[in-house]
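Below: the structure, in structure tokens.
Order of writing sets the chain letters: A, B, C and D. Residues in each chain are counted from 1.
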Amino acid sequence: MKNTFGTSVGVTIYGESHGESIGVVIDGLAPGIPVDRDFINAQLTLRRPAGKISTARQEPDEYHIVSGVFEGRTTGTPICIMIPNTQTRSKDYSATRALARPGHADYTAFCKYHGFEDYRGGGHFSGRITAGLVAGGAIALTALANRGIHIGTHIARCGGICDRAFGDLEADIQKLSAMPFAVLDETASAAMHKRMEEIAAEGDSIGGLLETAVTGMPAGVGEPWFDTVEGILSHALFSIPAIKGVQFGDAFDLLDAKGSEYNDPFRITDGKIAPVTNHNGGINGGITNGAPITFRCAVKPTPSIYKEQDTVDFFKQEDAKLQIQGRHDPAIIHRARVVVDSVTALVLCDILAGRFGTDWICG
Amino acid sequence: MKNTFGTSVGVTIYGESHGESIGVVIDGLAPGIPVDRDFINAQLTLRRPAGKISTARQEPDEYHIVSGVFEGRTTGTPICIMIPNTQTRSKDYSATRALARPGHADYTAFCKYHGFEDYRGGGHFSGRITAGLVAGGAIALTALANRGIHIGTHIARCGGICDRAFGDLEADIQKLSAMPFAVLDETASAAMHKRMEEIAAEGDSIGGLLETAVTGMPAGVGEPWFDTVEGILSHALFSIPAIKGVQFGDAFDLLDAKGSEYNDPFRITDGKIAPVTNHNGGINGGITNGAPITFRCAVKPTPSIYKEQDTVDFFKQEDAKLQIQGRHDPAIIHRARVVVDSVTALVLCDILAGRFGTDWICG
Amino acid sequence: MKNTFGTSVGVTIYGESHGESIGVVIDGLAPGIPVDRDFINAQLTLRRPAGKISTARQEPDEYHIVSGVFEGRTTGTPICIMIPNTQTRSKDYSATRALARPGHADYTAFCKYHGFEDYRGGGHFSGRITAGLVAGGAIALTALANRGIHIGTHIARCGGICDRAFGDLEADIQKLSAMPFAVLDETASAAMHKRMEEIAAEGDSIGGLLETAVTGMPAGVGEPWFDTVEGILSHALFSIPAIKGVQFGDAFDLLDAKGSEYNDPFRITDGKIAPVTNHNGGINGGITNGAPITFRCAVKPTPSIYKEQDTVDFFKQEDAKLQIQGRHDPAIIHRARVVVDSVTALVLCDILAGRFGTDWICG
Amino acid sequence: MKNTFGTSVGVTIYGESHGESIGVVIDGLAPGIPVDRDFINAQLTLRRPAGKISTARQEPDEYHIVSGVFEGRTTGTPICIMIPNTQTRSKDYSATRALARPGHADYTAFCKYHGFEDYRGGGHFSGRITAGLVAGGAIALTALANRGIHIGTHIARCGGICDRAFGDLEADIQKLSAMPFAVLDETASAAMHKRMEEIAAEGDSIGGLLETAVTGMPAGVGEPWFDTVEGILSHALFSIPAIKGVQFGDAFDLLDAKGSEYNDPFRITDGKIAPVTNHNGGINGGITNGAPITFRCAVKPTPSIYKEQDTVDFFKQEDAKLQIQGRHDPAIIHRARVVVDSVTALVLCDILAGRFGTDWICG
């Protein structure tokens, strides 16, 4: 399939940047999960543009839960959440229609859809589509939290500035859940924000590194071949626009380590088997070992910049210059982190429902 | 599903390290692809242990094509390739049965299979299972080559030593196809090999970085949401034992870059639209742009080392010491590279058959 | 998955009888298919209740194409079609909430969803959900027609009255496409309609037999094992409420035939290989042989009747009597036939896209 | 996918009639299910040809459990069962290679595989492939029996002779499990057998009706849209060669019934909610209601007959006469019934594992 992922819990998205609405259908979540509309709103707010480091397009993100929720709880049937597009600007795209924005999907969409694609504002490739994932992911996050599973993501690095490492995971995840700008260290947070503003002022853009931790996952979940926890998570994460790399545990950061350094020895801690270190990110042989799942996503700089760029006109098949106009994000890493949490939550619900049955993730 | 991947071309694996045989079933490859038994043998040889930097277990890897090939060509029905296990050593595992080897799947397998798992030699988690993928991948590589698509992987880094970057891709891929030790630069090759021998002599192990390039992929292949080329490839790649990170293009290597540096401008080159640089690894918005697909995999050090390690006895639920005996690889990165090529070939056949129909990948 | 079918073309439905809206997401249809809003309306009209032999609930079925269509053609990205529910009656269901209507899904829904289901008007089990399939199916029917593939269904039997057999298939399918009551023989049509009115007047209900033919399917489509054309079609058809049996060709009608009678001999006809008879319904070994695909669906009587029935109260776990009130269909077979056409069209688009690539079904 | 079915429990088959071996890979069965080799043998014996009413090809069906079973129990990893082909006759097929046997898949295979198919003895389309399903199905039947779920199939009709209806289901299923010729009524059994011998003597063939019952299924299993129990079962059942129709409950047999006759009223029986009649075959709205699942399969006559038939030569594209030689079954219905039981068992394991988790079907 294409715009769907998941086996036991399926997630399907639809919509274009300038269409009537965007949305998501989530199928297979257990019946009885409480649906907290305030929490969904709070999550959507974390994704919304924020000041100078974001696009000027401000969508209210008023969502409709069209199906699958009854008397405040999930019914077990498909949940459709629809988010109308209201801030679309009518404008003439014809001048730049065929100028492939470098780093964007304009040219690849043309190759795939033969010119029938809705190209306005990135169409179906727009990051706006992720709003549906955030709304739906909020329900998944609630379901997981009710089973003691918590997810949090911070900006570990941006513009050469590094956040502090995760410490007390439960506390850090709790702290992040309420932070509009997900940087744990205050000094780093201020410096990063300032750097992003500078880049924005230059008409340029920036990416960075997101780090995610999941606590409370039971051991013994995942599959050895093909449906490894790493494989399923990365499959979904690479859909988030701008994510170009995913590593579990330390991977790229310990390329020169020896086995004696990388292996995580097991010990009995508080009467429970657990690895003492976590270079493997909580996963051995594709299966959870009970330690927190940790992973990092490399986020490339937003491709829309205000500097003139070389490109081609793919209708005329000739070289061209491009000067992007309109409203764009100089960085999306601070908005993407809640998308990472949401997608992770949906994927984990899928994995857990497959392992323990469709009723497991119940309220 | 679990031990299966693929939609249009499905790959299913089975077998345990010490069972009767291991194997693979590949379903959905076009009819008429020539099956070159010498090439399959050559590929299996690239995966086989080699001297001091590998395990002492030497399997002849005599394979049987049990079905799906008739008169030297694929029939279009499922291809089953069976590889008997012949070098299994009967020995008593009871002493170490419940001692979880750090970094290995012993403990997670126990959590998942409740003790019913075949634990001998890693059972179904053994890297030996990848022999089937290599045999089947050889047919996929032939099919792709017949359509002008070529795949090559080199060891970009190991033990702190770096290979030269890819240069003329077609020439480098050609060169790699015949190299038992896939390092392009001769000096680096010798240094890396020496470093691996030193680590082996220490009773320790090492990992590193694999870099892969795919040339000849048509533009317009892949999906925007969920079935991105990155997502599908990473899903499969994370099954290869020891791979813990996957990045496309430069990702983790350019975390601080600006958009003006990271974007790949398009130009008309030789009458064809192509990006001038390739920081995006040939993929925009999940879809190929006609440039080579490039990705790098972080390979963790082999978890089996000969040094004493802390661990637990998961039957007795108590702390223990572990001294691993037996035959083990101090490094698998030089053997894993052909597995990466094979898995990549199978995944691309799947993606291309889905895009252009089941007959497309024909001989 | 659950509320999704299809591999190359996926169809996902959502919604409840008394929710905000019902709808469908269709993903994988080729870009460039013309979307004819009048035809969609005409198809929805065929599904709508009609006079005394239908429910009194009349929905306008005003549909929104929310995504995936641009400038009158499909874009190749997911098509979401939303149909608001407007004629829901606010009423108190509490008296009959736990009285399982015999033949309905009330009790099985309770067993599955533990009481969290939206029970109003059948909730997600309502035949109303099929409106989305009809709207989406209309686009699929257009795509197929543009490739010379046509689908038609008539009521072959109802209340003991039989329609004439299919004759000139192309002409009959053409004729059916404009018939509100799909019976080819006029006398049979009148008699059947009269019988349905009588049954309605009794407060009872009736089912019958639908017969479908598909012309123009290319030979060589389908799979031998598991994804046979029969298997995929029946999988989807059994979702249509009240369909309890599916046969291809003559099956149940020729249970005592000999091979010499049942086999369809091949001959060259008009320079083309074709079977002379069609007892196999156009499919041999799961694969199309170029003859029309023919199948028949047994439709059980609508379970909602106005006669008092024995049942249980599943909250109280005790025997009870049930007297159904409200608006119900004494027959749905005349409305179901367009649903059969629609589902068949969507399934065939899926099969054909898988065989010939995603662009095949193009306008 | 093609030669695979199942979501939580996947079944993949491979092999050709005259290849080295045929087999099956079953993935996702719980760990710990006891594997009873005698029972597997007994089931394979039920499928084997028997005397004058079967083919003269007698395969010993010695099977190898190649993986997934350890110390007498399933491990939870893929179970590969391989059955060597030993009784293949080397002969020259060139004379009849391109003569499409009516009712067979020769011509459709040629359309699909373009002549690369292994045509010997029906190749991958051969009923011989079902031996793997029977061997694997035996493990699934054991797993289900351990949870109180039992499956039995009898020949309800053949050559105009009818067996008695199912009576005490548990007793009848028990009785059938040991019957080589699955007809419950002794007189009908003798008459049917005699009729089959007569047809065989004529050089003709016969089909008939199989009826299946499943007891012990929990209520609340299945999905409302697309993955109905009927849809999933029929999808798999239509793969069994010669099955051309599937009905649940009474469907085609009660086409003229009214709702008041067809509805199954619920009552409390022995303290449990259950329908009093079972016209719906144990399924309402796609979901089990706790009553036995009942279905009937229409089996067409075996297409291989010894009478001369009209056909075409698809290489020469011209009309031809065909006189089939070799070893063939004049009827397969008595052999197919154990295949129906096996496929049903595998499908139910898949559905149940999806509903209750992968460990549910445990020994």
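We take it that a contact is a pair of C-beta atoms (placed from the backbone, for glycine too) under 8 Å apart; a residue touches a chain by one contact, two chains touch by 3 or more.
Treat the numbers as computed from the prediction; the structure is a model and nothing was measured.
Ranking all chains by how far their C-alpha centres lie from the centre of chain C, first place goes to B. A count of C-beta contacts for the chain pairs B-C and A-B puts A-B on top.
With centres set at the average Cα position, the gap from chain B to chain C is 45 Å.
Chain B and chain D have centres, each the mean of its CA atoms, that are 38 Å apart. Measuring from the averaged C-alpha position of chain A to that of chain B gives a distance of 27 Å. Annotation for chain B: residues touching 2 or more other chains are 1-4, 7, 13, 77, 112, 124, 224. Because contacts link each chain to all the remaining chains, their graph is best described as complete. Of all residues in chain D, only 7-8, 77, 224, 354-358, 360 touch chain A in the complex they form. Within the complex formed with chain C, the chain A residues making contact are 1-4, 6-7, 10, 12-16, 19-23, 25, 27-28, 31-32, 64, 66-68, 70, 73-80, 82, 112-114, 116-118, 123-124, 359. In the complex of the two chains, the chain D residues touching chain C come out as 1-5, 7, 11, 13, 100, 102-105, 107-112, 124-125, 129, 157, 159-160, 199, 202, 204-209, 219-228, 230-232, 234-239, 241, 244-252, 254-268, 273, 275-276, 279-281, 283-290, 298, 300-305, 307, 309-312, 314, 317-319.
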